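Should a chain be cited, it is by its letter among A, B, C, D and E, assigned in written order, with residues numbered from 1 in that chain.
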Amino acid sequence: MTTTAPPPTPARSAPTPGPTWWERFRGGSAWIVITTVAVIIAFWEFFPQTGLVNRVLFPTFSETVAAFVQLLGGGYWWDDLAKTMSAVAIAWVIGVAFGFTMGVVLGTSPFMRQAITPYAIAVQALPKVVLAPLLIGWLGFGPESKIALAVIICFFPVWIDTMVGLALPSANEFKLMKSLKASRWQVFTKLQLPSALPMIMVGVKHALLLAFTGVIVAEILSASDGGLGKLTKEFASQLNMGLVYSVVTIVVILSITLVSIADVIERRVVFWSEESRARRK
Amino acid sequence: TAPATDPGAEPGEERYEITMAMASGDTYTAEWWGWLAADTLGYYDELGLDVEFVAAGGSGAAMEQVIAGNADAGNPSAPAFGEAALVGLPVVNIFTYSSGAIFGIFVPEDGPFQSIADMRGANIGISEAGGGEVAFLEAALRAEGIDPITDVQLIPIGDGGPETLAALDNGSVDVYSTAYNDIFAIQTAGVNLIDLTPAIYNTFPARGIITTQDTLDNNGEALQRFARGTAMGMYFCLENIEACRDLMKGAIPQVFEQNADGVSQGDLRFELAKTQVVPADINRIGQHDVAGTQEFLDLIQSTSDSYIAVNAPDVLFDGFIDFANDFDRDRVAADAAAYEFQND
Amino acid sequence: MTTMTQTAPLVRVDGVTKRFGSGDKEMVALSGLNLEVREGEFLSLLGPSGCGKSTALNIMGGLLEATEGTVTFSGEQLTEPNRHIGMMFQQAVMFPWRTTLENVLLPVEIFGEKKKDFIPKAEELLEMVGIKDFRDSYPWQLSGGMQQRAALCRVLLHDPKLLLLDEPCGALDEFTRESMNQELLRLQDYAKSTAVLVTHNITEAVFMSDRVAVMSARPGRLVDIIEVPFDRPRRPDLQTTNDFIKLVAKARQMLELQ
Amino acid sequence: MAQIAVDSSPKKKNFLRSPYMLTIALLPIILAAWWLATTVTKSVPAILLPTPESVWIAFPRVLGADGFGDQVLRTLTEIAGGFALGASVGFFLGVLLSSSSRLRAAYLPFLSALEAIPTVILAPIIIAWIGFGIEGKILQAAIACFYAVFITTLSGLGLAEPNAVALMKSLRASKWQTMVKLRIPTALPVIFGGLQLGATTAIIGAIVSEFIGATGGLGYLMLRYRSSFDTAAYWVIIFLFLVIGLVVYLTIWYIEKRFVFWRRIEVTRPDLEKQ
Amino acid sequence: MTTMTQTAPLVRVDGVTKRFGSGDKEMVALSGLNLEVREGEFLSLLGPSGCGKSTALNIMGGLLEATEGTVTFSGEQLTEPNRHIGMMFQQAVMFPWRTTLENVLLPVEIFGEKKKDFIPKAEELLEMVGIKDFRDSYPWQLSGGMQQRAALCRVLLHDPKLLLLDEPCGALDEFTRESMNQELLRLQDYAKSTAVLVTHNITEAVFMSDRVAVMSARPGRLVDIIEVPFDRPRRPDLQTTNDFIKLVAKARQMLELQ
């Protein structure tokens, strides 16, 4: 934390006018993504045809695409999609709210934090699906029980990251607030919370991925009222693997999209963090 | 032409609610058309009954929720029901829905074992640890003098999904014992299986409406009406089986999704159900097979020391069968004839 | 050892001792400190690293409790931070999610007053220290010196009677530091407040202060107070006069003697 | 931790007022709530949550059952193997991606998506691929835990101070030397955080994979007990998992304390935190 | 502008310009710098913050590439870091997982040589700077000054021909800084190496150096070089002599004129 100049990094950019799109393309990461996807697709297309694996279990890429088209034509799964997505959304919101609250309670009280941690770790190590029958008992057979399961699965990183984030402000920052006689609440809202936001956002994004996992696991392994998880299980039991991979692809695309959206939001919410600044330029 | 005693016919009379735990991840499977038809055609509603069908996950989970009291009734398969009865849980079957081979023993066409008597030393695939078929399998092996614990190796390989196909395909197992439903996908994937199931197992009761003694005492009226509605739905389907297939397609389209060879698992299962759901006596739909049940319970009991002896009549309640069959058959037949197809 | 005066002191530090830890790990950071800060004066606390300067300042600001002894401020005993006391630290503490203006307005927010009423004054202060154009910039867009200037505006915004400065320019380079010091003197004069500056730069201490309190190494105690007689406003070339150099040499000797 | 510098009036260490007393005090409260719910008010049916007594009674029965040790050993092997594999792959990928911002930009989304695919979907595919043996379970536990280690390694390796990097450069240290001697030690505290999280997810990955198609192990036993409605035994195994989780956590915590010894000391010396 | 000498220069900086960024955001950090560093001398780079001192030093150390112009070291063109050049930074870079001795031995490890062979020398150096007792302590157990001393030992361990020092004492308090500077002079003499020191402390620059290169603010260029004629070894009381004060005043003027 001194006033020295930025770290010396060998910046080798030529003093020529700005790079052409081709240079930018080659310098960027897009071509790696495209190449990787192309390699995966090529492998996916040709490997099953070698006969080294069972074609039923590992259909080629084109067969999967055909299944995907068939699925899109079916249309009935929109309902499952809606069920899964709404469960993910609700679980995510509740999980984030719950994790955040826990993080605040334990993050602002070292005493509570040390006292509760052993229980938290024990619960974290528990395969949450074993709780499914109990949750159904309490919450019924509707989406509530699977949402509850997903909440239990996804709140953890938000909690941890909030807890860690609240401790991030430096001694000097606390001192400034204290010298102004700021109340505990003011210290929290004006210093700790903004400082913790970048960390909290990391947890929020992780929670999004876990909410997805949570809902789908609940749909597959325990009672549920439909959803993409049930659909994959159904297709798998029919050995219609093209359809299984299609649904998995949908899940992957959805999660990447949602995380990217969360990324954009993050950059706006925590515009001041080093990470967002680095990415903006 | 309405039946003499139709409790739901008079308006203003009390309505009942029932939660029915279905033993699957989905609310219906291709063979549960009796319940589906009664529900879609409004027979339960007519009887003053609001039935909520919920997917409990599987037979064990459905049985669990019924015992826990979270569901009034459920349709776990016979082994789950039997197992609960044999550990002394107060479960009762009030209506037998289907009977016949639910579990079987299969071998690949060109496999090394072609009869149960040969199976000493075999790796035998089962659906999962504690799966319903295990009792049948063990009994069948014992009958041939093979000890199921020491002489063979039981390996859970799933219920007909990709892991099952892989296990059969790469020779991890040479025999597969599972529910009949589970082998359709395997067969259409190119593994031809031979059915070695002993004939006697094909007569066992398969599935019924299961409840607890407690619910029976407290909610008997609702269950009685539920039995009649279900009987009406079954009768409808027996009158017009294609209508039921159509209803099924509307309810669970994904099951009727065709694979690359143009085969749908839903159709295969539906065909099998045609033989299993048909009651022995069309005028006594839901009638229990006491002897068969006893034989079945004894069979399972023989596989473990921790089971208690159970008398079949104690877990079979036939007080609702008369009432269930006392409906206007002509009218249901007319409904069946007038059905309009929607899902093709 | 303190020099007695006619005017009632603004701050009176009376036999203050501060111990950290307990038992085996006990360490005495400050031992029996007596000090008076007169209304309107500029006092420096000069001493080697770790001698307890910051500890003394934190006690005067009510941030730390003395183990023994008392501190009075405006005649009343001081036990917790007081809003008439403004503190500034070695690092400019600026919240990166606030613009310069918002950072300057922070105390007003915390005191629960209307921000609007203070915007003109904040802008005037920013103008005085020459960073008005940066009122809507974020801290990371300012240099270290500019950040310290903004911190100075923040502490002055609310007209504190007493300024406690803990090496506010310690992290800056010498040139920026000199101009910041000029700024500081000008603004202290403008705000007519009293200031206590912690530093280990002898030249700086002499240049800035009316009196320099020299402290000894651990356990920290007061060695002596040097009166600095030069007129104000002081200009940089004062530093090359003989009188100034002599005073610096005297202070240096006091520190080295210990 | 930062507040210590401001507020540090001497407080006597009093064990009775230490947080662990609350930890211990909570235990009987939880047990009492459990007992009340299942035994006194009977608001939770025994088939879903057995009474404390019945679980207590079931303990010797489950632990003494034939071959129980083998099952435990098997599951522990899966957890340990999966954790070792997943953590090393996660660590390796973290190192790889941190070495190139382009690789990072290109592959981070793919690897994140992998975290969104639940183990249960992958399970049948993995089984189809490598069979029902222990290898598949290890692989699944590895997949379940790799992300936590990967993402923390990736962010931890970026923490090295620019000055330290410049020092290494001025010594003409190779990229590899900078990684081993500077970046990895700097990242260790953060990586250990990831290991903690990864260990718990590896446990879950192993069990869930045993649910799906296993020939042994604790998850397999759980299914067996559940299918025969032996809820008490089922919960005995759940408690075993809680214990395993805690033991694994404490082990990693202990290793961290020994390996990253400089970290905690730095934190407890607030007076050195200035500059 | 550089003064010509008989001995061949150890470093020759020839028309070096450094631009950062490109297009609109281009900024010229250094413009047409010419400088020679003579074998065995102590040269200071003095200039205001941001004038490109560190940039110049980093280019001399091969850490940065010049946009235009060349740097030669021992007659050869310099394009990457060289093991005969040792660098030291404002913050003592010490790895907290290594003891003092291990930190000092780091370069040996990286150069792939036997650590054992260097332990006696490392201990000798630690002894010379007075922290031999701390050889097995970890950095957090040392004060800032002790850490800088260890960093000094590290850079000297391998007998670099050229020492590049980027405000190595900038973060220390004045007292520690003065004693560190003494240490630095003593060790440079002992190791017979050449040193380039970046600083913005005028007194320090004059006190330490044989020549002071004064640089102007952005874009950084050389203003003039001041020869410092005082004998070595230099003692602190040199700073109160008239000649010294005059030289400091001259340097100050040069900087202010810009």
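What to note about this one:
Note that in this section a residue touches a chain if its C-beta (ideal position, glycine included) is under 8 Å from a C-beta of that chain, and two chains touch if they have at least 3 such contacts.
Keep in mind that this is a model prediction, so the values were computed, not measured.
Separation of chain B from chain C in touch steps, taking the shortest path, is 2.
For the pairs B-D and A-D, the larger set of C-beta contacts lies at A-D. The distance from the centre of chain A to the centre of chain D, each centre being the mean of the chain's C-alpha atoms, comes to 18 Å.
Centre to centre, using the average C-alpha position, chain D and chain E are separated by 48 Å.
Between chain C and chain E the centroid-to-centroid distance comes to 33 Å (mean Cα coordinates, whole Å). Per-chain Cα centroids separate chain A from chain B by 40 Å.
Residue positions of chain B with contacts to 2 or more other chains are 64, 68, 70, 161-162, 165-166. Looking at chain A, one finds that residues 1-3, 8, 54, 57, 133, 137, 170, 173, 175, 178, 220-221, 236, 244 touch two or more other chains. Across the assembly, chain E contributes residues 49-50, 58, 63, 90-91, 144, 171 that each touch 2 or more other chains. If you check the complex, the residues on chain E that touch chain C are 48-50, 143-144, 173-176, 200-202, 240, 245, 249, 255.
Contacts from chain D toward chain E in the complex involve residues 161, 163-164, 166-173, 177, 181-182, 185, 188, 260-263, 265-266, 269, 272, 275. Residue ranges on chain D touching chain A, taken from their complex, read 1-6, 18-23, 26, 44-45, 48-49, 101-107, 109-110, 112-113, 115-121, 124-125, 128-129, 151, 162-163, 165-166, 196-197, 199-200, 203-204, 207-208, 211, 219, 222, 234, 238, 241-242, 244-246, 248-249, 270, 273-275.
Residues 19, 21, 25-26, 52, 54-57, 61, 64-65, 68, 70-71, 159-162, 165-166, 169, 182, 185-186, 188-190, 253-255, 257, 259-260, 264-265 of chain B are the ones touching chain A in the complex.
The touching residues of chain D, when paired with chain B in their complex, are 45, 47-48, 123-125, 127-129, 131-132, 212-215, 220-221, 223-230.
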